[in-house]
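Each chain gets a letter, A, B, C and D, in the order it is written, and its residues are counted from 1.
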Amino acid sequence: MTHTTREKHKLLARVRRIRGQVEAIERALDAESDCEQVMHLIAGARGALAGLMAVVVEDHVREHLVDAEKHPGALNGEAAEQLLEVVRTYLK
Amino acid sequence: MTHTTREKHKLLARVRRIRGQVEAIERALDAESDCEQVMHLIAGARGALAGLMAVVVEDHVREHLVDAEKHPGALNGEAAEQLLEVVRTYLK
Amino acid sequence: MTHTTREKHKLLARVRRIRGQVEAIERALDAESDCEQVMHLIAGARGALAGLMAVVVEDHVREHLVDAEKHPGALNGEAAEQLLEVVRTYLK
Amino acid sequence: MTHTTREKHKLLARVRRIRGQVEAIERALDAESDCEQVMHLIAGARGALAGLMAVVVEDHVREHLVDAEKHPGALNGEAAEQLLEVVRTYLK
């Protein structure tokens, strides 16, 4: 993945938040918190991971399906956007 | 979607099977079949619908992200295949 | 599944709507509608099927996990509700 | 969640593996690994998290839907197993 520095920082911040969520699951299991709490934390981490995947898939579609330097304008932006809408629906 | 006649027939056969599966759910509910049976039928229809979506998304990626007549060779086949693998994982 | 007549009618109405959605997918494929339209219709049918599953699972949890005549009050309503919340999250 | 010590150790080992998977995503993003690698790692972490959720939901169904001391034998084991099968299908 080639990203601007700013994009990279955003992705890293996202994955670090997910690590924090997984650590919270670990603490909850260790403290024998009730199932409800644990299930809630797992569902939250799963949602965050799906959000990260959506961003990475989006980057992949925009940056790598077509080499924009060799083939400028070849990617059909509208078709790409329709695809990403479907992906987001399924990643929820 | 532009398809060869053969592809179109396969897609139609697929969606008709799904209609049959939904009709089976309807009959099971009408006959007050047990929950297990109904849940099993719904899970089957869901899987078949996910399979149909995977085929349509695959067509979309291969046919519409790049206009192959105007930009021959612009779609990175390997990157497209990686994307479709992720999509299939999430569509399961 | 044992249901009151009213519940049964609601479930049947739901599954008939889904059949209508699947028939719309069939017509769209037959008419060679564009991918976007087809993907949108499939995503809609999938959501409706997930909604039906959520209702059936809810019935199953409330009616069949415990035989309420033999064991009145044995089902922990709060724990059942927590379970159903998780199920709904994953069925979306 | 009340667990035997052995069950708790297994759950903790599972969540620690997931933390390791999330850390691998972080390293891959930091090293600007290619999208394919990152998407693969995210899909793996998602699968592992779904597996953890399945175990916790299973515990919840078996241990908390019915207070087995107050209502011994009230939970219909077969109905519970059917529910868990559906949950596992959707958690995949």
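Basically, a contact is a pair of C-beta atoms (placed from the backbone, for glycine too) under 8 Å apart; a residue touches a chain by one contact, two chains touch by 3 or more.
Every value quoted in this text rests on a predicted model; they were computed, and no experiment measured them.
In terms of C-beta pairs in contact, the better-connected of the chain pairs B-C and A-B is B-C. Chain B has its Cα centroid 24 Å from the Cα centroid of chain A. With each centre defined as the average position of its C-alpha atoms, the distance from chain B to chain C rounds to 20 Å. Of all residues in chain A, those that touch two or more other chains are 35, 39, 43, 53, 57, 60, 64, 79, 82, 86, 90. Chain contact topology: the protein chains form a complete graph, every chain touching every other one.
Residues of chain C that touch chain A in their complex: 35-36, 39, 43, 79, 82, 86, 89-90, 92. Within the complex, the chain B residues that touch chain C are 1-3, 8, 11-12, 15-16, 18-19, 22-23, 25-26, 29-30, 32-35, 38-39, 42-43, 45-46, 49-50, 52-53, 56-57, 59-60, 63-64. Touching chain A in their complex are the following residues of chain B: 53, 57, 60-61, 64-67, 70-71, 73-76, 79-80, 82-83, 86-87, 90-91.
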